[in-house]
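One chain, chain A, appears in both complexes that follow, with chain B as partner in the first and chain C in the second.
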Partner chain A sequence: MTGAGGGGGPGGSSKAASAEIAGGLLERPLPAGYCEDWARHFAGLESEGAAEDEGADRAALLFRIGDEWLALPTDHLHEVAQPRRTHSLPHRRDELVLGIVNVRGELLVCVSLAALLGISAAGTAEAGERSRAGPRLVVIGRDGRRAAFPVDEVHGVHRYAARDVLALPATIGKAASSYAVEMIAWSGRAIGRLDDALILETLDRSMS
Partner chain B sequence: MLFLMFHIGSDRFVLDAEQVERVLPLMEAKSLPGAPPEVVGVINYRGAPTPLIDLSRVALGRPSKRLMSTRIILARYPGERESHDRLALCAERVIKTIHRDPADFVATGVEAGSPAHLGPVASDADGFIQWVRVEALLADEVRDLLFQRAEASA
Partner chain C sequence: MSGEDLSQFSMLDLFRAELDAQSQALTAGLLALERDPVAPDHLESCMRAAHSLKGAARIIDLDPAVRVAHAMEECLVAAQHGRLRLTHDHIDTLLKGVDLLAVAASEPPAGGAGAEPQIVQFLQALERASNGGAAADAAPAGEPRDPGPPAPLVPPALEPPPQGAAGSDRMVRITAQAMNRLLGLAGESLMEARRLRPFADRLVRQKRRHHDLAKAVDGLRAALGPIDPDDRTARALAEVQDKLAQSEDFLVERLAELDSIDQRATDLANRLYTETLSSRMRPFEDGVRHFSRAVRDLARSLGKEARLEIVGGGAGIDRDILDQLDAPLGHLLRNAVDHGLETPDERVAAGKPREGVIRLEARHHAGLLQVIVADDGQGVDVERLRHAVLANGLVTQETVGDLGEAELLEFLFLPGFSMKTMVSDVSGRGVGLDAVQSMVKQVRGLTTVSSTAGEGTQFQLQLPLTLSVIRTLLVEIADEPYALPLTGITRTLKLPRADIEVLEGRPHFRFGERQVGLITAHEILGRGDARSDAAELSVVVLGEGETAYGLIVDRFLGERELVVRPLDPRLAKVKDISAAALIEDGSPVLIIDVDDLLRSAEKIASSGRLRTLQRASATADRARRKRVLVVDDSLTVRELERKILDHHGYEVEVAVDGMDGWNVVRSEPFDLVVTDIDMPRMDGIELVTLIKRDARLRGVPVMIVSYKDREEDRRRGLDAGADYYLTKGSFHDDTLIHAVVDLVGPASG
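Let's look at the complex of A and B:
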């Protein structure tokens, strides 16, 4: 029967195994006050709740490259992984393609979003104070074509509503503006939301 | 078709994800003295009192384990007219969704002896997964008790 279980291929069974492990993490007793806190949270008024989550039907991954906080819609987001060694490709010395990385056995092209967006990687002023959140590797993809790019920090997935979206100001960084489509208000700052379809297209074109 | 999976004891069950509005963390419910045993009480969801049913209690007669993986499924319960009532379902190991073709589910053949809400089953490597129909979950008298009362007082 175990053979039949692996019918989805080796990737399928390892995915199932990791899901089991992740599920196992939740098999633990509730912390003190958990039920009471959540009961209080969801008892909040309808209007308050609506402001908080009901309208929040969009989701984006927030991350930082250099000094720039950016948001990428989760539609084409596959995973956020620990950073790993990038193997450079021979005869491929452009700024955009950094090399290939091994993400759970799959070799992915690792690209520099900083180069694509024209963000200087030198901006590490913020890194010192926020050093607890380290660099990560973000995997995106569409139609089976996947690519990875390193970021300096990942905040997490941010849910937002249409009214949190601001028009793109003229002051946003020059190159980033062609990939940023709108601004999202997040904890007092405005973050450029990137056009993931456009980025994937550009990557496809530059890698072919 | 997307299904939300949960466990009752060691068996796996699914709900049609279309009927699920949200999955909430386990929270304290206000108990309803005199209510049927499977009705844990009423939770306050955004100011709306929502009856909470413990699925482990419905099937096994014991409450769901109080673990992080035990969650509350906020389901849409078809009400009268076109409206939907919300029904909160407490179940164990609500940690996974699965994609299955509805055609994978076949009748168990023992429908006559099992409760109305237990639907057809689909199999995978780990055994059977049974489809639970939210709309048939409550016995008529419990449904009347929970929802008529709310309407009468409103």
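Let's look at the complex of A and C:
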């Protein structure tokens, strides 16, 4: 009765009847083993899918700082946030620590990955002007020790397979000098994949 | 079977919850009765508590508890009717009865029938107390004459709702991190909700434009002049006007809707935020109430009379700090009863009331939480302390005479130090005060002690409000917001440029009776240059008397209440900054460490700047001199050491405590650090440990100079990594300078 909301036409009563049938159909108890079947289905999906994709089982966040595109494994990635106002710290003259920043009500140390990797600021300004995709704040960390760093553009998470990995060339981009461990082929270019554990360790050490 | 057991459990749990609440009331009432045995309101409340407990125990068939509660009630009823006068023994026994009820309600091994022997003892003790008492009592205990047999069943049955309230006062444990996140999210949601208002305001502007548009169309209609209403143009125009009116109505309705959504959302977010904030705080009394009983019991066992007076019990205190305070406060109170208070006879002889009063007070003062434990006892005998210091071999015969009272009292905090000749099981073993101090130090607080002969001893704990909320003045410095705790501010003012005078090359202004030095916040914090175009300067006067400074900031932004958030520990201590916080637009703000700032100002103003200039020229024309950092909180010692070293050609920088020293030693290169041990904020041992743990500083030799010349002090210093340990007595000869030369060689070369 109540189900036939827009009723009032000549077929009102039959509509109500079909609504009742539909309701009965949708609300019927689940057959035995139904949930388990689907749980198995979705659980299996990942490994099966990976097999089909021939091992596209690695994921990295692709982002740009200045002119350099870089990739960072997602293991220690917490979130990508809108850029927020950073408060500088007095008496700090190093370029690494930019200050503190509020991300979802938590005060995080904001660092310059550009400074850590040695990417020039001039390139950053230039590229920032060229691109409208918008800067972002990337939050990484482990064991409660977190840090945020600004980037000029984020492409998103890129899944790739072992075969997409290229060896490090003898001469690599200046940025990737000591923190890149391998190159990933992505839409016609090779991107340095950063060693996230090494970066986190370096940050922990050089903050104080 | 199991179902029955479970229900039994929950009933017992209910009883325990009730017992918890009622025994608090009972204990408080009994302690009051001890002072005034005939106070009708306390008699009434105690009797009622015992009566409720009896009823509740009967409902769950907890017979031992029924008997104990019944006997207590009987005794109290007798006292109420004047058939009995409550003595100390009565109170003792009744308090034990409260404990016994808890035992009876505990799990079988100790509780239930297991408590039987204790119950028999208790009943006998109560009877003895009554028979020994002045008034005769016909029927002390037992079932025969129950004054209100029908009553018990009713009140307990009605009891649960009010007891439910006690249940909702129940504390839950939550990690500090979860609490901080909750607070962060509440703050963020408040900030988001506040964005609705400006958005609605912008929409109002749109409504106005809309109105203008409608008027323009009206104008168009008028400009067209008289036309036939059936004309196509006229019809099209009428339709436009119609649609415009409809759309305007719609916009007005939506705006009204948005207004009420905004109000509700902001209100809700506000409440959420304040509620989350206040849930961090607990009244001081909550954490210390249980000491009333402990103090009284302890005094009785020592043959003394003592009462605990809690002042400022309502002061909100961060729950973490309150938890940490429990052990040190317990110790200070035990000390006050044992060492501080005299026996009742001694007190009477001294013209004081028999009963000693120990005051436990909490208050917020100067941005710190101040907790005071004061007794009205005999005070510390300074001469005896002097002897004890000498007897313990802490100083030499010559130096002991020079020590002032404050310096002598400091020895009370030394590990293993005791004045008591006889060791009691309560205190006097010499352990404890040092533990109190180390706990307070852990949270970067300060312990001080003062004493007046014949009037009492007072311990003062100053604890930082690291996790609490503070009121601050928000200022702008180099385009960024900073917060100054209100408690550290003497005055704020707008200073016309014309009022600035220059004395000895530094800007000053007249503030009340004196000249106060001016310094820009930019200079202290290393944030570029101050804006120099304004005709008036925004000045915050910090500190008092000699150490007052006028801090020039760019702008006052107003007063704010901020939730103090610690900075990321990986940043270590940031000089001049104590913590961080978020302001309402979500921007981070740094909270200024006023003590640090004053010290920095002092350095820049007095010698720092001039000396840097001198240094620049000095290093230009001759070989570099060895640089020594002297860390000591005593001005005299600091200056003495500076003079000696300076005289021998060393370049000397000074720092006024460990924290200051740690800041300085990291910012400039030094060849040697000379430090004291006992200093506020950070002691010498911690400083040495930090230096020796730092990869860059590890190589810098550190020399400790201290009053403490015992072998264990020396070992403690050397264990921390100090390269040399010198006692302060050795100033007068060349020991200091020999040791320095040994460690780093002569001043230049």
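To be clear about the criterion, the second predicted complex is superposed on the first by the 144 of 208 C-alpha atoms of A that agree within 3 Å, B and C clash if a C-alpha of one lies under 4 Å from a C-alpha of the other, contacts with A are read in each partner's own complex, and residues count from 1 in each chain.
Here, a residue touches a chain if its C-beta (ideal position, glycine included) is under 8 Å from a C-beta of that chain, and two chains touch if they have at least 3 such contacts.
Quantities reported herein were computed from a predicted structural model and do not represent experimental measurements.
Q: For A:L30 in the superposed arrangement: first (chain B), second (chain C), both or neither?
A: Once the two structures are laid over each other on A, A:L30 reaches chain B alone.
Q: With the two structures laid over each other on chain A, which partner does A:D204 touch: chain B (first), chain C (second), both, or neither?
A: Only chain C; A:D204 stays clear of chain B.
Q: Just chain B (first), just chain C (second), both, or neither: which does A:L107 touch?
A: A:L107 contacts chain C only, not chain B.
Q: First (chain B), second (chain C), both or neither: which does A:A39 touch?
A: A:A39 sits against chain B, while chain C stays out of touch.
Q: Quick check for you: in the superposed arrangement, does A:R163 touch first (chain B), second (chain C), both or neither?
A: After superposition on chain A, A:R163 lies in contact with neither partner.
Q: Classify the contacts of A:H91 with the two partner chains as first (chain B alone), second (chain C alone), both, or neither.
A: Touch partner of A:H91: chain C, not chain B.
Q: Which chain A residues are contacted by chain C in one complex and by chain B in the other?
A: none
Q: For the complex, which residues does chain A have touching chain C?
A: Contacts found on chain A: 84-93, 97, 99-102, 104-109, 144-145, 204, 207-208.
Q: Looking at the complex, which residues from chain A come into contact with chain B?
A: For chain A paired with chain B, touching residues are 1-2, 4-5, 7, 19, 22-23, 26-30, 34-36, 38-39, 41-46, 49-50, 54.
Q: With touch defined as at the start, can you tell me which chain B residues reach chain A in the complex?
A: 24-29, 43-48, 66-69, 93, 95-96, 124-126
Q: For chain C, which residues are in contact with chain A within the complex?
A: It is residues 177, 180-181, 183-188, 480-481, 524-527, 565, 567-568, 570-572, 574-577, 580, 582, 586-590, 667 of chain C that touch chain A.
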